[in-house]
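In the two assemblies presented below, chain A is common to both, partnered first by chain B and then by chain C.
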Partner chain A sequence: MTGSVVESLMAVAPALNLALAGMAVVFGETFIGKGLDRRWLVSLALLGSVLGLLFTFLLWEPASTASYSVFQGLATVDTFALFLGGVILLCTILTLISSVDYLRRFGLDRGEFYALVLFSATGLWVMVATTHLFIIFLGLEVASIALYVLAGYFRKRDRSLESSLKYLLTGAFASSILLYGFAMVYLATGTVDLNGVAAAVESGEASTSVMLLALALILVGLGFKVAVVPFHMWAPDVYEGAPSTVTGFMATAVKAAGFGVLIRVLTVGFGSYLPDAGTMLFWVAIATILAANLVAVAQSNVKRMMAYSSVAHAGYAFMALFVLTQNTPGASGEAVRGLLFYLPAYAVSTLGVFTIISFLEDRRGRGLELEDYAGLYRRYPGLSMGMAVFILSLGGIPPTAGFLAKFHVFGAVISCGVESGSSQPLALAVVGILGSLIGLYYYLRVLIFMYMHEPQEDDRQFRLPALGVSFVVLVTAVLTLWLGLGPAVGFGAADILGWAEAARP
Partner chain B sequence: MDVLDRPEGFLMVAAVLFVIGVVGFILRRNLIVLFMCVELMLNAVNLTLMAVARYVGASMEGQIMVFLVMAVAAAETAVGLAVVIAIYRKRATVDVDDMTVMNG
Partner chain C sequence: MDVSLSLVTFLPLLGAVLLLLMPERLGGQIHRLGFLISLVTAALSLCFFFGFDEGTARLQFEESYSWIPSLGVNFHLGLDGISILLYVLTAVLTPLAILASVGSVNRRIKEFVSMLLVLESFMLGTLAAADVFVFYVFWELMLIPMALLIGVWGGPRRIYATVKFVLFTVAGSLPMLLAILYLYASYRSQGIGAEGVSGGFDFQSLAHLTLTEKEQTFLFLGFALSFVIKLPLFPVHTWLPDAHTEAPTAGSVVLAGVLLKMGGYGLLRYALPLFPLGAAKFTPFILVLCVIGIIHGALVALAQTDIKKLIAYSSVSHMGLVALGIFAANEMGIRGSIYQMLAHGLSTGALFLLVGVIYERRHTRELSEFGGIAKVMPWFAAVFLLTTFASVGLPGLCGFVGEFLVLLGVFAKSKVMAALAALGMILGAWYMLKLVKGVFYGELTNKENEGLPDLSAKEITVLVPLVLLMILAGVYPMPFLNKTDASVEALVRRINMEVPAEPDVSAFSDDQGNKIIVTGAKDDR
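Presenting the complex of A and B:
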């Protein structure tokens, strides 16, 4: 469907809501203290993102019959875009809610924080809702520049500034490499729309060597963004130093958008060149899973451990990308569906963990070490229950979302091995399972500290969890269990798998 | 045939600029120089886009993109320099090797 301005604006309504709400929040901040309470700003930000989610649901039906190609083909709003956009919006809403109490405790509750989260989400939404390479780049930059500022939001803290700087340097470097890759695609095919690229590749007009160079550059650029080994070295420092709720947003929404772009660029644009990337993806996945899980074992800081955990999960997701390169149509379908299920499953659990981390962090930045979690069960039984659910999900233990997500991704890898008769996918599956076993060690260690160790004697006072924190932990815990149990008990969550199935690009 | 009639020259210069940017980014230690290296990489891309738009693609997309890349680069530098100034105020250094509050 190509249509009028109104139709174009309607099709990108989710992003439009985010952007408008962001601008309204910036504007409203000017009037704070002059008869405007700051709670109104948070409500405004939430309203924008909830409306965005609402529009996502409204657009789903029409988009599943015929995808919107609007703004002269610059934006492509299909079920794939809406699915990942929905995940991004969900992450945004939960991040906004959990940030309120966190920022208030640090005395930094200002409008610009919420506005920057909204702008970043707008950029991420734009990234997944287009087949035009330059628009992908612009969306990525809108999201990234807002995140650089958010990472350094605690500007009195050395760690936060350093986190911002490291994120900015590696981010800008990676973006330049990615953009050079896009320019190479432009050189080889004379177009930057992925459908046009696919047509040029099909007709044999594209120069093979230039396309392969482009593929390598794009994989390196996006590899930095989603943090896979060997392009992950920024992640632990950035994740540790950034404000905890921002870290949660970076680890979930940004990854979802990054993998969305990877799936779309690889499956739509590169077609016949994909098998050449197989070996690269194979080794990247193996290195990521093994290195990240092994290094995570040695961490004593929970935030840093979660950073390595997030790198490891990017490795599992890369296993699914590897399947796409293997010329096995059946398994490829399974892999995309599995990966699309993996992203929300991982996102809800991770956001829950980071909400709890942000609640336990105190004004001086303490409360992030594993010892600080000792005996947490006695102080905060509710939060500890939630943490247990999230940790089990990240470790991949049934009946949680993480288990089902891993089940689908590993299943796709194995059926790819069966379909192609090659031993590579099976080796990858073995490494994946091995990595999950190592992962269980450091995940369960958190639970052991929380439930089996005596609480430390210290001056930290008991704080009642704020309403927002309890709400986010409850919602993410319910979602984690629902996504995990649903398909088995026929409880509506099969819809998510159905949506993921329908959302293939 | 004149060198200006073909894109190869421009693409070659752009590739050299890009590699200089990458190598500089990896080897240099001064934050300001690192930002300059990223700028160099982005401008190498700009040159590539111009050359392709002029000689290969015969579309305006590349040329328009150059403006947008400039805007993005400016925004990135603005944020980057603000962070560098904030760090300089606290620690009086702009050397990457001193950015080790976290053991990375």
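Presenting the complex of A and C:
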């Protein structure tokens, strides 16, 4: 590898585009009112992220076996990174578009919002595109700090400030635990590069007790970030208080990056220590699926319900991580592929839901209760049909993305059981199914309110959905159906399952 | 008669999309167009009925397209003797249901007709699917339009009924998903199918799996739970009366006429032939549940004062008989069950239509509100009486053939069960005749009933085809019954050949000469 700077910069072009666009937006904001319309800033932000996605496609070479390491091994731009980076970029684009109308209605349409989303996306992209633990931490902090600010973006709302503060405190706590885990890895192996760690583990140089401690700390730290039980306490409050489109971004892009890091750390670095994490992942998955789904049933606020729903989905994703620890190579491959399919499938449906939530929220923060959704089909048939698609997808009903995603993850867990002959994975699958059944109940309730209840008499005005909102709902609904049917109908190169397959680390 | 099976299956869905794109103000026109689409579907489905080769148990009119190559899922459709009758029944009942809803549904007509068409497509797909994945997708999809039909156009307690219906159904289908995934995983680990994972969901290739008795037990549970809930069998039947009472007439017709049969069909297609050892283990238990269902349903029906609820409980009783015939697991019983499903679809479909007729006129279904209606509505009374007879199994009408065959089949299996089931039949005659007597005969006491108009031209159009079919199927059952012969024979061979007298290691060959190893003992991991 020549390692020339230009080559390295080209490889991280998607992140570079995000970062540059973010800075340009910040500078541009100072010229607002001096002959610069704010629409230009939004366009600039979009341009940066769309270009990033474009570069992702250009860099995508699934068959290539060349080394992807650039910047002397600090960044690893392999298909895995590009795939998850693509998911993050997609989430960023959709969040930006749906935020325009939302912020404008609240009179908060400022450049810094878009810049912060872009910076956060940059950090997330960096997280998945490296095997270097410090760079992972760097990306995580860049993303998190931007998100702390975004969560508190509605400065005049107490809940938004509360959200920001809670996110900051728990986030900082989780980051330090994670960092401590990374330090333990360094202590045990003398390196912070995951490939080096793997080599040290294989040669037996690493101290077992220290490595296990490191593994536990890393799982706890990242467990906070992706919000699994018992590290999920912050999620409902933060999700409820943050601006709705920001919540959508947190629930999708941040999770995608978090799980990306989890897969990378588990599959690349820890090798023979993985079976020891099996029990922990098993119980975390079970606790997450059961607790989150049960508590979600009791929610009357749609945003809170979606928060618990996102915790529950992290639980299903943890089922796939559990498979990685079981010494079943066939099933592990399936699990990674399944998880890689799960993340975009979950992301498009969730972003669609949060776009609709943000549209229905009014200036005083009302419109977020389930009752406010009564009879919505009469007022907004298009949005309601979109919501039906998203909800069915989250509930795992065919022919949507969510169904196929669940099918893959559960399939991997069952294959793991058949391959290993152990009943533990099968028990996990049964719990997962039980959770899905409970989940369907509260998802269904949203649809029942929208379609089967009479609309409420109130003073809320009918608003025509803004172009951006309609666009995002349409795109996410089409993607949700396409991911459910698409691999199916044979779109050739666009076969996302094939991408996920190619993206396995 | 080269009609593509997938075309007929998806025709109603395409029609529904077309309807949804039309402007709402067209109202009645939309209704007519929807009727026309379903009528064309029905006509095309008859091509399969008449073009069906009775001499073979193989799938006919087969079509297969690669769907999800990475999983080996093929969009594989086909019909055999087990599905053909139900397929045609579905296609024939839907236009009648749509026609019956003209005038009685005035709210969101466009969506209503579209939902009926969408539901038809998914039901046809469920029956035609020859790939477990495709089957499961259609199976889950059926839930959505049916839930909307009950929940949006239903009666006062519609939301409760909808939630109950959905949760019961899903509680059954999610374990089935796990079982399907397990089958798929075993299929790959056993390396059957030379071309890798291709066809890993095809039920014909799944039949070649080697499964231990323990595995079969759990897999059978996973599959059968879903089917007996849909059927519905005794302890899990409680969703049905609620769903029926709240559903609009057309919804009830489709629910009773076809949707319930999916349970019986699923048992015959998947649960019994794929897991004969598991099925054998549960058979005594299920037979008892069937008989409890038959008698319990009949007794509860006897106590009802709401006509629709009464018919709903009669469905529980009749479907118990269907399950009884299936688990008798001999040719007589299974052929009887299939025939009984057809007959029940016709007669109960007609009964719900008839209840719809009277409900539209009086907006009540309380038995006590009626009496002596025969004087003002003689034709209505005549059709109702005939349908009742068909339902209770009077010789010469469709119900008799099925019940008789089932009872014969069960008699060979267990005389006690047959006797108890026959008792259920007697109770059935009692409550149905009580219904007829209460509504139609005696003095015309209620003044509100005096000016009731008799059947309208539309209602006659809806009912005549059903009446003719009920008589035809009763007098000359052979064209229907013969269709099932070869497939049922193969099915019974498959179910019984694999059940060894001793739970021991033994080997059999199936009709294609493939070795099937049945391992009964080595499963105590």
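As a convention for this text, the second predicted complex is superposed on the first by the 494 of 505 C-alpha atoms of A that agree within 3 Å, B and C clash if a C-alpha of one lies under 4 Å from a C-alpha of the other, contacts with A are read in each partner's own complex, and residues count from 1 in each chain.
To be clear about the criterion, a residue touches a chain if its C-beta (ideal position, glycine included) is under 8 Å from a C-beta of that chain, and two chains touch if they have at least 3 such contacts.
All of these numbers come straight from a predicted model, not from anything done at the bench.
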So in the superposed three-chain picture, is A:174 touching just chain B, just chain C, both, or none of them (first/second/both/neither)? neither
Contacts for A:296 in the overlay, against chain B (first) and chain C (second): which applies, first, second, both or neither? neither
For A:191, is the partner it touches chain B (first), chain C (second), both, or none of the two (neither)? first
Give one of first, second, both or neither to describe whether A:265 is in contact with chain B, with chain C, with both, or with none. neither
Under the stated touch criterion, which partner chain does A:149 make contact with: chain B (first), chain C (second), both, or neither? first
After superposition on the shared chain, which partner residues are touched by A:430: those of chain B (first), chain C (second), both, or neither? second
Report for A:89: first if it touches chain B alone, second if chain C alone, otherwise both or neither. neither
Check whether A:240 is in contact with chain B, with chain C, with both or with neither, and answer first, second, both or neither. first
Which residues would you name on chain A as touching chain B in one complex and chain C in the other? none
Complex interface listing, chain B residues touching chain A: 11, 18, 21-22, 25, 31, 34-35, 38, 41-42, 44-45, 48-49, 52, 56-59, 61-62, 65, 68-69, 72, 75-76, 79-80, 83-84, 86-87, 90-91, 99, 101-102, 104
Touch list for chain A against partner chain B, complex: 134, 137-138, 141, 145, 148-149, 152, 155, 158-159, 161-166, 168-169, 172-173, 176-177, 179-180, 183-184, 186-187, 190-192, 233-234, 236-237, 240-241
Touching residues on chain A, where the partner in the complex is chain C: 392, 397-399, 403, 407, 410-411, 414-415, 417-419, 421, 426, 429-430, 433, 436-437, 440-441, 444, 448, 451-453, 487-490, 495, 497-498, 501
Under the touch definition given earlier, write down the residues of chain C that touch chain A in their complex. 66-70, 73, 75, 136-137, 140-141, 143-144, 148, 151-152, 158-159, 162-163, 166-167, 170-171, 174-175, 177-178, 181-182, 184-186, 188-189, 525
